[in-house]
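One structure, as structure tokens, below. Some questions next.
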Amino acid sequence: MPTVDHYLVLSGLLFCIGAFGLLTRRNAIGVLMSIELMFNSANINFISFSKFLTPQALTGQAFAVFVITIAAAEAAVGLAIVVLMYRNFDVVDVDYIDFMRW
Amino acid sequence: MDSEGLLKYITEEYKDKIIDSGIVGGVATIEVKPGDWESIAEYLKGDMETRFLSVSNYGAVDYREKLGGYQLVITLFSYEFNHKLTMKTLLPAEGEECPEIKTLSAVWPVADWFERETAELFGIVFVGHPDPRHLMLDEDWDGEYPMRRGWSGRDFITKPDK
Amino acid sequence: MGIISKLPAYVERVPGGGIMTTSAEKFLNWSRASSIWYMLFGLACCAIEGLMATGASRYDFDRFGMIFRASPRQADLMIVAGTLTHKMAKRVKILYDQMAEPKYVISMGGCANRGGPFYYDSYSVLKGVDKIIPVDVYIPGCPPRPESVLEACLKLQDKIKKEKLADWAASTD
Amino acid sequence: MFELGGIFEAIGKWLNGFLPPVWVTIISAVITGLAVLGFLSLLALFLVWWERKISAHMQQRYGPMRTGWHGVLQTIADGVKLLQKEDLMPKDADRIVYFWAPIICFGAAFMAYLVVPFGKGIIVQDLNIGILYIIAITTFTVVSLLMAGWASNNKWALLGGMRSAAQIISYEVPLSLAIVGAVMLAQTLSMNGIVSAQAGGFWHWYVFREPLGFLVYYIAATAEANRTPFDIPEAEQELVAGFNIEYSGMKFAMFFLAEFVNMFTVSAIAVTLFFGGWQPLFSFLGFIPSWVWFMGKSLVSVFVLMWFRWTYPRIRVDQLMNFAWKFLLPLAFLNIILVGFGIVVFK
Amino acid sequence: MSLVRQTTNGIYNLILGLAVTVKHLFKHAITLQYPKERWTMPERSRGTVVLLSDTETGKLNCTACLMCEKACPVAAITIEREKNPETKKFEPTSFTIDMGICCYCGLCEKACNFSAIKLTGKYEMSIYDKSELIYDMDFLQKLGRDVKYEKRKRVVKKTAVKKATAKPKTTEARAESGDKKAEGTSSTKDDGDVKEKPKNETEEGKE
Amino acid sequence: MTVKELKTEEFMVNMGPQHPSTHGVCKLVIKMDGEEIKEITPHVGFLHRSIEKIGENRTYAQFVPYTDRIDYVASMNANHAYVIAAEKLGGVEVPERAEYLRVIMAELNRIASHLVWLATFAIDLGAVTPFLYAFREREMILDLFEMTCGQRLTYNYMCIGGVNWDIPKEFEPKLREFLKIFPSRVDDYEDLLTNNPIFLYRTKNIGILSKETAFEYSVSGPSLRGSGVKWDIRKAESYSIYDRFDFDIPVGYNGDAWDRYRVRMREMRESAKIVQQAIDGLPGGDIQTKVPRTWKPPEGEVFTRIEAPRGEMAYHIVSDGSTKPYRMKIRTASFCNLQVLPIIGINHLIADLVAIFGSLDIILPEVDR
Amino acid sequence: MGLAVFYILAAVILVSALFVVTLRNIFHSALMLIVCFFGVAGLYASLNADFLAAVQVLIYVGAVTILIIFAVMVTHQLSGKKIRQYNDQPVPAGLIIISLFLLFVVSLSKTGFEVVKSISSSPTVEGIGKALMTSYVLPFEVVSIVLLVALIGAIVIARKD
Amino acid sequence: MIGNFAYAGIWVLVAIGFVVITFFFARLIRPQRPNPTKSRNYECGEFPLSDSHLQYNVKYYLFALIFVIFDVEVVFLFPWAAVFRALGLFAFIEMLVFLAILIFGLIYAWKKKALQWV
């Protein structure tokens, strides 16, 4: 049976991959996808804690639902911004936008 | 107005431009000079007495043997007054020559395709035509004009005279 | 790949293998023959008779398991129904080439066969569809009756049923 | 006597006798999987034939006649023929995506049957999130259609893929909301639980408790299954063939199969949620095996879908969206509120 | 209020549509089950062109007058003729019709004054090989053998043309005559008893 | 912050020559923005069979079969247009009975043609069943034609000076039976389509053709009448014997696809009415005036037109006094009607384009000839 | 058995996640993201969180990735100019990430968790429902506000007027 | 629990296996005759006018956006529906508030013409 550590290491790895994508991607959509990966790694933590530490209370699971909600809202707004960016600057390149300082 | 009345009206109105007029096959017919082709068309369309808003037919006849040129024939028509008028003009041409004439597609948009068709089939150049591509023929048609009399070309077989 | 085209040669060496291959062949041929999907593609007058009227209730292609597919990728049969002009011939060739094997062609009506009434004095009609693509069955007529089209389909089925595994499954790559 | 539920249990028991539990799980999963696959293939064969027959008779034709008795073997012939069809892939296509799209499409359609209660005790896994599981797993269909449309590198396919994705997601919201209504009544998400909650005569069926919910569900389900009047994605007259335009042979067959499987899925869910699943019409009719009831009801529902298809014109894509968001969605909300009131008041 | 009316109207019309289709579901199919059933072809049916022979002598009626050749709009007919030294009359030595370009217009039949050429109700003429589209004299004669007709009087006035009647046999003309093109018609034949169907007395009649 | 319009890539796509809804071999190159159509360029000529050239090399009688192929959906009307022109050219009188038969056939063919249109239009909108119902009725008309002239599609029925065949004796009872059941069949179609909300949504306010545009592009036939112009050559320039019959000219109001649909549906009923009157008043007598085998009309030219199911069909024949026409120009309705498509089709969705194309009732041989 | 399942799922998740951040074609990245999410859903299922597994698929696969794919199609001209997918610092970024991970592992090894032996698996849907309706009422209502704000914000941003 | 979902996992493999095996079987018996035209894209009998991996119109995007929000909402509705009867009126009112806020969102979207296909 995997222990809580297994899950934590997995979630750590996933988080790091997401962070790596966040740092290296220039495409704003790519950045958003990396962020979604990081959200997921957080959720894995919540759920493994919920299973291993508080199996009765389901706190972790309830939290994970909220996190998913926030992630979805974030994706919606984030992608709307990407579309807006594309519309105004004709690119989806985060570096470029940073340069523009709007 | 019936055909005669119409013909009378038009011949009086545009006396100086009309070479010939008459009733052919029940339709009032006038013949004009190629130079007046477009201007008289415009008049006829705008004239409140005639109101030729529509084109019923528009084509060419290869009269090179008989009259030494191509005859353009346009039949105008008015929904309002229910009368029609045929207008003709003779474009002199010899042999393989391509005569030129002003386009009517600005006057009647529907003339667009009629002219494209006539242009590719008879080799009449419509000056100022907005879209002088081939209409009926293949895009890579070799540039000859198949509706001219006596034309022959790629696998064209004339019906044996039996 | 079409490995199956080479299979009979091996299987037939085994006792009883001959029967096996022939019955497999029969089954496969039967399936192809009774599920001919034709391409929704008409050219001229013949299309009204050959595709629309024959597909309608009175004659009903569906009885033969024939339904239309608009995409050549999913069609087995191209019914060249109507006059083929030089301009269109190029496109027909493209469509034929884009059909997936195994594919069949029925040439319907005089125009597709030999140019029909437009054989003489026409500067734009291709005189026979077989000049650009191979044809399996010709139907004379102008236009042929829907029954003639059905008959041609039966003939095509006969032809398919006689096919050899090696012939249709062989690949050229 | 003809109840099949016991058979599966018996097999499970027998396997348990000599194998470690892990292997029992794997083997029984594979067996049930194959059994359902077989059932679905037969079902699809039947449904395709049936649709052709029904449409033919509605149009005063016969439909397939020359392969077997009244053409019963027609779909087999079609299938075998598709097997022999050359498999094409445009050279500009996205190879991997192009390959996986039909697999995912069929897989998503198939996976839903994990929780469909075919009869009393005939259910592969009665997950306690049953209905949610179906909603979740069928979203893969959208993904597969988008993949197919995108990978083909064909404009018609892309249009079809985008359209169907937009359509399915739009109708998913009212669909889920309509299902929520049934869940509120049954107080459980498990499919078996929902069926059991409707026991005891047809007046207990939820279609009579929340007819509005049923209406919303059925309309949305028609759209989810891509049936006319909502068959926009493959609209033959507009998009030639829609997302599957470049597919041929077996890959096309998978889309085709998935379409019919999906049609049965939505019918099965409709029956489960609103028509008492495998419950008989009256309790004294219980001697008829439960799976007969289930299949009978589902097939009636499938027939209605077919009936729609051969009667109505196709709706336009923007009207389709408007209909989902401006008509069905408010209705679905209204349904939830009404059901809630009903429960609170009548308890 | 109009919204309600619109909706009810819409639903009513949707149901109306469903009613129409389901009504037809229980109507009899009007399909002709082709290889098993065939229509009785109308007498004037303009199908394959045949050459008619004299019922007694079995010789072609054609006098090689070339009227049909002249009348044919597509020049599908080619006739070569020779003067028979005995009778001092022309006889066709070769008579070919190119069925690939024939447009089944019937002008040849109209032009012929000797009831020698006729368009019949035969339609099952599909072939595998294009060269067989050119029908020669023998074949045309063979096709015309079972065609019943009435010898046309020299018509002076062209009114109320009395048509030669023909009752085409429904079975495969080609398969029967067992000629060069007979192969490959098995499926049309082996369907057993072939029924002849009168053209619908409007489908209603059958319900 | 100013927000710019989202730039989307407009793309061009070929619709046709092989496309289910172009009814033959028409190619529309459309520029689309998403699903919205920004520009339509029709490409025609895929069926250009050079019939005009052929016309110069055939005798007048030999050309009749070719007229069948100009509008194969309504061959009788196409025959009619040609023989009227030729008769006018040569001053040939037509017997009374032949005129009646011509009208019966032409009107029946108008019904058949509208049925084909209905079938394809319905299928364009995704309704398959009306297609089969419409073809069922069309078959009944074809049966009538077949028993009269032996062909189902290319009739070659009319000839210069009359008609080629008299009607057989079974014709009349069959025709009466058809006329009896036909209105109820039209009711069926109307039940399936006319007020069906989905159908209304798909056709109302779609592809509005204004009167002015219709005039400029010389649109004719039901497409013109759908825009509210009460114009029908059968009434306005009464040819043949149409002045003896009592019928209405249905017109629409908005000129949208639905109006064009309604006009055609009602026209079918009107045509049935004409046929009824014609068969009731069918006189006896000759069916053909004798025209010599080598018929030579006098030198001259003639321009006549008739109301074909799709609109004005006109012949301009120039004769040089020989057995063959010197020049034959054929004006067809679809040739002009198709030209309005780029005007009324833009800014619609691609699904609407299909509906508009269907409602204009274009058939390609008429465009290309 | 449990461990095997875990490792398989972990492999799926990590490999697909790696693909997500490295693939050149953004559409393929989005598809790999789906695989990754599906793997995570499997992980949830193996952690007795069946409701969450379904939600994961429903929201992430069914909604978020579809949205991402749509955004890709809206904004991305895959045919035209190739947008550069990466900036110039993959190496420093990699180093940062590796050190971050090491830090994480070290801190993890220092921490001890009180693992409670999980008893039976109770149905989670009801549990979550109760929790939402009782202890988390406020966050629950706040979520609706968040969603509303997100909706309004997204519409305002994405619409052109 | 894990057993329940193990079925799902194994079924995924079964489904993929089934399809792949069918594909493989088809590969054995089908012919393969490529030609250059065949591997071009189909576009109604012409060669494609342009590449079709093109940037697409925004209209679908807005629907997806709204869909995400409502899908999340559905997720909250399910657990509520499952326990609703037990919790009674209070839960119902809570949910009414929740729904009301979101319906407001819908109305907003409607009024903002985000649901309009322009």
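Order of writing sets the chain letters: A, B, C, D, E, F, G and H. Residues in each chain are counted from 1.
By definition in this document, a contact is a pair of C-beta atoms (placed from the backbone, for glycine too) under 8 Å apart; a residue touches a chain by one contact, two chains touch by 3 or more.
Note that this is a predicted model, so its numbers are computed, not measured.
Listed by label, the chains touching subunit E and subunit H alike are C, D, F. Taking A-H and F-H together, the pair of chains sharing more C-beta contacts is F-H.
Spacing of subunit B relative to subunit C, judged by their CA centroids, is 45 angstrom. Subunit E and subunit F have centres, each the mean of its CA atoms, that are 27 Å apart. In this assembly, the C-alpha centroid of subunit B lies 25 Å from the C-alpha centroid of subunit F. For the pair subunit F and subunit G, the distance between C-alpha centroids works out to 61 Å. Of all residues in subunit B, those touching 2 or more other chains are 136-138, 146, 158-160, listed in ascending order.
Within subunit G, contacts with two or more other chains are made by residues 2, 48, 50-51, 55, 58-59, 62-64, 66-67, 70-71, 73-77, 80, 125, 128, 132, 143, 147, 150-151, 154-155, 158, 160. Contacts with at least two other chains are made by residues 56, 58-62, 65, 84-88, 127, 132-133, 150, 155-156, 162-163, 165, 169, 172, 189, 236, 240, 245-246, 249, 310-312, 317-318 of subunit D. Chain contact summary for the complex, subunit C toward subunit B: residues 86-87, 119-124, 127. Those residues of subunit F that touch subunit B in the complex are listed here as 44-45, 48, 50, 52-53, 56-58, 88-89, 215-218, 229, 231, 236-237, 300-305, 312, 314, 316, 318, 320, 326-327, 329, 331, 335-336, 339, 368.
For subunit F in complex with subunit D, the residues that touch the partner chain are 11, 13, 19-21, 35, 122-129, 132-133, 136, 192-193, 196, 198-199, 201-202, 349-352, 354. Of all the residues in subunit H, the ones that touch subunit F in their complex are 43-46, 48-50, 52, 54-60. By the touch rule above, subunit H contacts subunit C in their complex via residues 27-35, 37-38, 40, 42, 45-47.
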